[in-house]
Structures are given as structure tokens and as C-alpha cells.
Amino acid sequence: MLHAVVTGNVWATKRVEGLPHGAFLEVQIEGTDSRLIAFDVLGSGVGERVLIATGSVAAAWFPGKPPPIDALIIGAIDDPASAG
Amino acid sequence: MLHAVVTGNVWATKRVEGLPHGAFLEVQIEGTDSRLIAFDVLGSGVGERVLIATGSVAAAWFPGKPPPIDALIIGAIDDPASAG
Amino acid sequence: MLHAVVTGNVWATKRVEGLPHGAFLEVQIEGTDSRLIAFDVLGSGVGERVLIATGSVAAAWFPGKPPPIDALIIGAIDDPASAG
Amino acid sequence: MLHAVVTGNVWATKRVEGLPHGAFLEVQIEGTDSRLIAFDVLGSGVGERVLIATGSVAAAWFPGKPPPIDALIIGAIDDPASAG
Amino acid sequence: MLHAVVTGNVWATKRVEGLPHGAFLEVQIEGTDSRLIAFDVLGSGVGERVLIATGSVAAAWFPGKPPPIDALIIGAIDDPASAG
């Protein structure tokens, strides 16, 4: 999985059929300049630190026929301060 | 998913069997010099900003036996100006 | 597979459904500055050298419906000294 | 998909079972120094510009049990001059 | 596929269940400094030039439930001298 920070949203009104309900969020991979777009079903917000699963396992998480989604936010990383 | 801009078309008359109807578009990944060829079923044009799903989820989107397609344009990114 | 060293833990209380029991460990890929988060079912500790399988094969290792896990620690690398 | 140029052949007499009929060709990814070995069923030659699909979709193209092939030449890119 | 050279062995006594019989070999990708660990069933030795298939196709080569193996040596590259 990748450790990333949410940096924004993207909207795509013109789209293929079969995309699930949820948001496309732009994330930056920690420690790098790399950005990608991950699908979010957790209501993640800009600035939140998240865990991202990539590849076909992201699509397989959804019920039914797998959608063309190759990156899914699977969790929000706990704040060390609040955890302590 | 990757955020990219369509930069051109490629044609391949000599090809394996089983490729679906649609276009092979050259795209440049935003913020990088990386280019790849994505399959398009949305009628995307040069200069359009798009979302690309890569890997086996791209092939699984098609009905029937999955074609040897590893990158699919799944949406056009809305223009922030027109969205505002 | 990747050869890596465990460098820390991450916790994610807010998470999608369907994640298995185990730990999310931060690892650094040997010979690089790259870090990723791998799932651990072996009780690996910080500083331990491990083998990591990535992609859908990591998810397919789990019984039942594959979880959205794209990196799994599949073994601890034997210490050459103790092996000799 | 990747846009590449065929740069050579490789032969592997000692091999695992289950590899299909065809050639292993060395290709260079356009605009990079990266090289990989792609499987070819189209009779592609050195210097030819080709489209390559990578990952499990390459294996899934073959009939029957998927072979351990992770890159397949799916087409030859048309010469712009002859196309024009 | 990747063209690589075998550079060593790794042993992992503590391991997850379901790994097949064979060796974990460290390989260096030709023309790069990148190293990875590939599974070997051909008895490959240090210094041998090999072809490696990566991703889920490596696991799918094995009979039965796919093991968490993401890189498989599928052949030894013939020596050009002996071939000539």
C-alpha cells in the first residue's frame, strides 16, 4: 500500500459506465513528488493522511463486476498525537 | 488512476485479434515527462484532460473475454472554469 | 518480490470493510529510498529484513474474497550469520 | 500500453513449461532508456515500432491456461508517411 | 519480461504458508541498478542470465491455488557464443 496525503478533488462528468459511487481524490505519495488519483468511499478530506491500495485489488473490493478503478483509499492513518 | 493530457493518436493496422472498437491515444501523465498509450471509448480529443485506469481493471471493463488492453480512459476531467 | 526492512507501523482506525487481521508495517526497499506499507501476518518487527510480494497475489493469499491488500510480507530473511 | 521499438531477440532453450509459440523480443520504450522483453506473435522485426500491453492482460490473451507472459506486442504502429 | 542476472540467494525459514518448492534468487535487472527477488524452479545459478515474468502471471503458473509469488524465472537466456 502507499502512504499518501489527499491534495484535492477531481470531477469527471463525462465518464465510462460502471463507475461506483464515491469521489476521485488527488493524492501525493509521501516522500515523493508523485501524484495519483485514488477512489474514496470514506469521505476523506484534503490534508488527510491515507493508505492506498493499487491495482486490481482496488477494483475487487467493490461488490459485483469490478469497476475500472485501480487505486482505493482503504483507511485513514491515525494521528500519532491522538493515538498517544 | 492517472491524470493525463491527450497528446496524439496512434494507428495499428497490423494487430492481434480481439482488440475492441475504439482509439489508441497517446497521453502524457501530468507533472511528468512520461507518456503511454491509453484506449479510448469516449471520443476524447487532443488536449483533453483525462483520467486513466491502468492494469487488468482496464481490460475487465469490456464485456466478454478481456482484451489485451492495460490502460483505459475512464473519464474527462471537468474544466474548473466551467464547473465554477 | 522485494527485499525490504521494516521501519515502522501505521494504524488506521477509520478503514474500509473487509480488511483482514494483521498489521500494516512501513518498510523500506533495500538499496533505495522507496517506502511502502506492507501487510504482515508473521509478527514482524522493526529492523527485520523481509520478503514482500506485491500486487494481486498478495490479496489472493487470504482465504475467501480477496481483501484490498496489495503488499504482503511472505517471509523473514534469514540472518547470514546464524545461517552460517 | 507502451510505445516501443524492437531492438533484438532473445532465445531461451532452458525454460519452464507452458510457454506459447512465438518470439521473445527485446524492445526499448520510446523516449526512455528502459528496455524489456515482450512476447511477439505478429512476426515483428528489429526496428519496428510496436504497441505493448503489459501485466496479466498479456497472459489472458492466450487461449487456455494463461502462460507466464507479462508483456505482449499487440500491434505494429502504422508509419505516418504511409498513412498520410 | 525482464532480462536479469542472478546475483545471489535468499533464505526465509519463517514464512507464510502456501509457498511452493523452489528457490528465492536475487537478480539484478540488466542495464539498471534495480534488484528484486525472483522465484526459481529451473535450478538457476549465480551469474546466469534469465528472463523474469512479474505480477500475477508468475503466481498463475503454479498448479492449484496461486501462491504469493510475484516474480518467476521463466527461462535461461542462451549464450550468444554457444548459439552461434
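Think of it as A, B, C, D and E in the order they're written, each chain with its own count starting at 1.
Keep this in mind: a contact is a pair of C-beta atoms (placed from the backbone, for glycine too) under 8 Å apart; a residue touches a chain by one contact, two chains touch by 3 or more.
Since the model is a prediction, treat every value here as computed from it, not as a measurement.
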Joint neighbours of chain E and chain C, given as chain labels: none
Interface residue identity across copies chain D, chain E - same or different by half: different
Geometric centre distance via CA averages, chain D-chain A, whole Å: 32
Rounded Å distance, chain A centre to chain B centre (Cα mean): 20
Residues of chain B whose C-beta touches two or more other chains: 55-56, 58
Chains listed in ring sequence, where chain A comes first and chain C follows it: A, C, E, D, B
Chain C residues touching chain E - in the complex, by the definition given at the top: 1-3, 30-31, 41-42, 51, 53-58, 60-61, 72-78, 83
Chain C-facing residues of chain E, complex: 10-16, 18-19, 24, 26, 33, 35-39, 55-56, 58-59, 65-71
